[in-house]
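Questions regarding the structure given below will be posed in turn.
Per-chain residue numbering starts at 1, and chain names A, B, C and D are given in the order in which the chains are listed.
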Amino acid sequence: MSLAIGVDVGGTKIAAGVVDENGTVLAQIRRATPARDADRTADTIAEIASALAAEYGANSIGIGAAGLVDEDRCTVLFAPNLAWRNEPLGQRIGRATGLPTVVENDANAAGWGEARFGAARGASSAVILTVGTGIGGAIILNGELVRGTHGLAGEWGHMVVRPDGRRCGCGLRGCWERYASGSALVADARELATLDPARGAGLLESAGGRADQISGIHITAAARAGDPAALECLRNLGVWLGRGMAALAAAFDPDVFVLAGGVSEAGDLLRRPAQESFTSLLSARSFRSEPEVRLARQGNLAGLVGAADLSRAV
Amino acid sequence: MSLAIGVDVGGTKIAAGVVDENGTVLAQIRRATPARDADRTADTIAEIASALAAEYGANSIGIGAAGLVDEDRCTVLFAPNLAWRNEPLGQRIGRATGLPTVVENDANAAGWGEARFGAARGASSAVILTVGTGIGGAIILNGELVRGTHGLAGEWGHMVVRPDGRRCGCGLRGCWERYASGSALVADARELATLDPARGAGLLESAGGRADQISGIHITAAARAGDPAALECLRNLGVWLGRGMAALAAAFDPDVFVLAGGVSEAGDLLRRPAQESFTSLLSARSFRSEPEVRLARQGNLAGLVGAADLSRAV
Amino acid sequence: MSLAIGVDVGGTKIAAGVVDENGTVLAQIRRATPARDADRTADTIAEIASALAAEYGANSIGIGAAGLVDEDRCTVLFAPNLAWRNEPLGQRIGRATGLPTVVENDANAAGWGEARFGAARGASSAVILTVGTGIGGAIILNGELVRGTHGLAGEWGHMVVRPDGRRCGCGLRGCWERYASGSALVADARELATLDPARGAGLLESAGGRADQISGIHITAAARAGDPAALECLRNLGVWLGRGMAALAAAFDPDVFVLAGGVSEAGDLLRRPAQESFTSLLSARSFRSEPEVRLARQGNLAGLVGAADLSRAV
Amino acid sequence: MSLAIGVDVGGTKIAAGVVDENGTVLAQIRRATPARDADRTADTIAEIASALAAEYGANSIGIGAAGLVDEDRCTVLFAPNLAWRNEPLGQRIGRATGLPTVVENDANAAGWGEARFGAARGASSAVILTVGTGIGGAIILNGELVRGTHGLAGEWGHMVVRPDGRRCGCGLRGCWERYASGSALVADARELATLDPARGAGLLESAGGRADQISGIHITAAARAGDPAALECLRNLGVWLGRGMAALAAAFDPDVFVLAGGVSEAGDLLRRPAQESFTSLLSARSFRSEPEVRLARQGNLAGLVGAADLSRAV
């Protein structure tokens, strides 16, 4: 059975693994990312990929990197949290390891992992939403990953969902990520607790009484314990997720939506209001089966598994 | 050179033509649509396609039909202005003519025509917006037409662009087609003329003094003559087109947008405000070349030419 | 007991009556308004007021006129549906009849009638909303009619309730009268019936199948018969009434709101959703008794009665 | 010439002064507020008022208190930052000093001070906006202070200016004070500096590099020095002030608006965008002189002067 190496390169750690054709991870190595040093980051990747390849006999390497990847699927054009600028990463790792190497954006790689082996397995068209600090994701159409002209497909964080709405760092107003992301969730909870300490009492308590210390973990934990304010914040997030998802469904009619990323760990407390809001805004309902909104299944292995799989087709 | 027959089936007329590999139409036949009689409509198509095929020696037939087409690209599931319900149109025409036959939704066919031979020629990813009574269109990604799970990709008329906005016939509020379509343009102009007859004087005059008689043709003509109210209505439409286009660009990062459909005949008076509004809302501008917003070039031949071309790949 | 003459001057008819100190109308005369002739309109008023005064021995005359009245409470500065421009009406009628004469805006006069003898009797502060073609009204504070600097107090039709909302004839967008008036109600119902004929079937039927013939009377009648579409239109209107009323309550803290004008004939079908929407948006609830939303009680006599009463204080 | 004592009771300090009929303050005493002790607060007021009265021979006492005052103008029903609940303050001070005493809400007292002797002097109808932590104010109509049924007139902080907008501590969404107050200004500037540190560089620098330390003083200072981000934040605030002011103008047609409170110290950098936004939304412009938007002139003496004057009429 053919094996491939998958590498997931984030701002703080690099994970590499040997992945078989069924998406099973046979072995893994993790290292801290020497994020400020572009060369050392590449060297570290080459080193652990080589080690795994030597031991398991893999045929190709796929790298999911937190950055914008050129259409050559080799060059990292820009990576906000790494030192890479126009870095020919694929070529470099290929040369160092002697294996064909493919580079892809990390959200695309993770989306592909969920599409091939996880929550969207078997769907012909899927949208994977990675809800973390911001909101990005991946689009699969007819079984293929959509990259877009500049590799920016799935970078919908700045799709405007509310004309003249909240100020965004990108210079626009009303961007989706200002309403539907981990940051938006935390900001909403802090605001609630500051403006109405009585209703926010549960959230405040879990954060040592300080609104500005409330984190996503506090919110999810409080929601699980039934705290009404925490549940309301997750519901708000779900409503705004649903609004953007309905826009995406109107545009390209997918089978399945997958909620991935750190915030998706809230599970059904997030998925249910998202599905409900989405369903209420879905058009042409008599002509389609309603796309299911599912939770991601591969957790933080999705990127590694997806990257490995993308390298097979080369 | 290989020839194909393209057929464009609308609620009022059927146009068929012989199309070569460069998208040139060598010959054409037009007939009124016997819209209330499903059988006679199919017979008419078969008859004129056979006639053209006999004379020119075509190898395949492509039909663009104003309706929802099954993923088998043969069956028309539903056509609002024709009598077809689950009509196996492709099979029927194929049997009658002896030629392989493909059926596609008319907006998809027309979008394909513009993508292959018209305004989006050479673009790897394009969005074609058909702005007529409503707003539909087609998505081309990596040189392929995107159909979606239920053939509904590009049916973005009910994408919500303004939460809690204008009532829509679909039961939602704030749908794109209520702000960016020929109907919206006409409603806006009639409203302006009713509410402020002094500012709407030019529009009223062109419609014999009756606000409820103002049509798209009056608006475009008045705008060309420099009427400020007509120009404002086109600008409003352009602003809302730009808003939806920016959402689509954030989602799948196309090269090119094409404005097609009857309303696009307003030309640059519509295209310019649309481009401006779109540009002002485009995200990640430093990482992409700004997609161009172009006017369609094939007019009402786009559907016929696109359908013919789609039949070649079968 | 002291008697006063009240006159209500509208665009189509003039009503005059003899009113006692309890607001009881002892006698009435009605005439068609010679609306295009400023002099004849004044002459008609003088004539019927004189006739009533001669027979009943009244001490003063109060005139409610559909226009903007100067702070001298004598001159009609502008009347959109009458021929008056800077017309010294009070002086003229006073000279012709020998009785002290006061002129007031008709909505103010009607509001005063409801405040003194009708639905707001006994309230120290009241807001009377006249919901007809547009939405105007009157403010009573500490038992006095508020006129404002230019006689425009209570002319809140162009208070913006939705930033960047519906186009208004005044040049702004999102004005209250575009959401909460008889015209808005009719436009909403026509739109509903046009966009969704199935849901609008009851409304369409009552208007002979033509959406553009649906009137306020049809809507009210259909709502009384339980038609869901008509009820929804009245509920929408009530929601927007409540929003504006909550803004007014936040500003000047009245005891009572009165719904008057033609649209208020829908009764509780309008009043209830208005009260509900208002209550949900009322601030500082623990520090106030919630203002009641009441229906007007004096119908089309309110203007005449109020005008008569306003003339007593001179 | 008749003299009156004015007292301004805030959460941190009590200021008392002797005021003549022209609003001139002849002498002043200031003390820290013993805010947690209702009795000692009243005793302190009595003590300093007596001292001034003894020395200057005043005839009455007016107290402006930061709380909700009953219509008897004697009892403080509730004071969020003081210990008073149903405190018969007027009676108590009257008994202790032997002088007739009137109590009024502090924003009303300050508004009255500006109306009688400050920026709105000579206006028959004025709206004074106190823009501090929140946004409150006072209404003067026909030369009289409007109190409303529960003393809540002018408490417009929770007037909804944006349906479904920002969450507010009162439980509603879109309240005016969430867009137009010192808190909103600071939140906006912090958000801008957090989301876009490059544009917010000037603001960040003035706050030692920490977005969460940016204060109103930093913003005003940076704006005066021409910092574009600070100017933008003040402009945003001005736009939202103008929106609410236009609603108030539509409702009761005042001569003059006065911007008072701490935020008004930004001067024309705030007043100009507020006037501009207000003007653009003012209705019926051909029938009125546009109300002027002025800056307060009495600074923190307004409350003391206004309270003294209100006591004269008793």
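One rule holds for everything that comes next: contacts are C-beta pairs under 8 Å (C-beta built on N, C-alpha and C of every residue); 3 or more make two chains touch, one makes a residue touch a chain.
Everything numeric in this text was worked out from a predicted model, so none of it was measured.
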Exercise. Quick one: how far do you have to rotate subunit A to sit on subunit D, C-alpha fit, nearest 5 degrees?
Worked result: 180
Exercise. What is the chain whose Cα centroid lies farthest from the Cα centroid of subunit C?
Worked result: A
For this session: Report, in whole Å, the distance between the mean C-alpha point of subunit A and the mean C-alpha point of subunit D.
Result: 49
Seminar exercise, completed: Averaging C-alpha coordinates per chain, one finds the centres of subunit C and subunit D separated by a number of Å equal to 34
Seminar exercise, completed: Taking each chain's mean CA coordinate, subunit B and subunit D are separated, in whole Å, by 58
Problem set entry | Per-residue multi-chain contacts in subunit D, two or more chains | 163
Exercise. When you draw the chains as points and link the ones that touch, which shape shows up: line, ring, star, complete, or other?
Worked result: complete
Problem set entry | subunit B partner contacts - residues on subunit D that touch it in the complex | 163-164
For this session: Spell out the part of subunit C that touches subunit B in their complex, as residue ranges.
Result: 167-169, 171, 188, 191-192, 194-196, 212
Problem set entry | Residues of subunit B defined as touching subunit A within the complex | 68, 77-78, 124-125, 139, 141-142, 144, 146-163, 170, 172, 175, 243, 246-248, 250-255, 281, 283-284, 287-289, 291
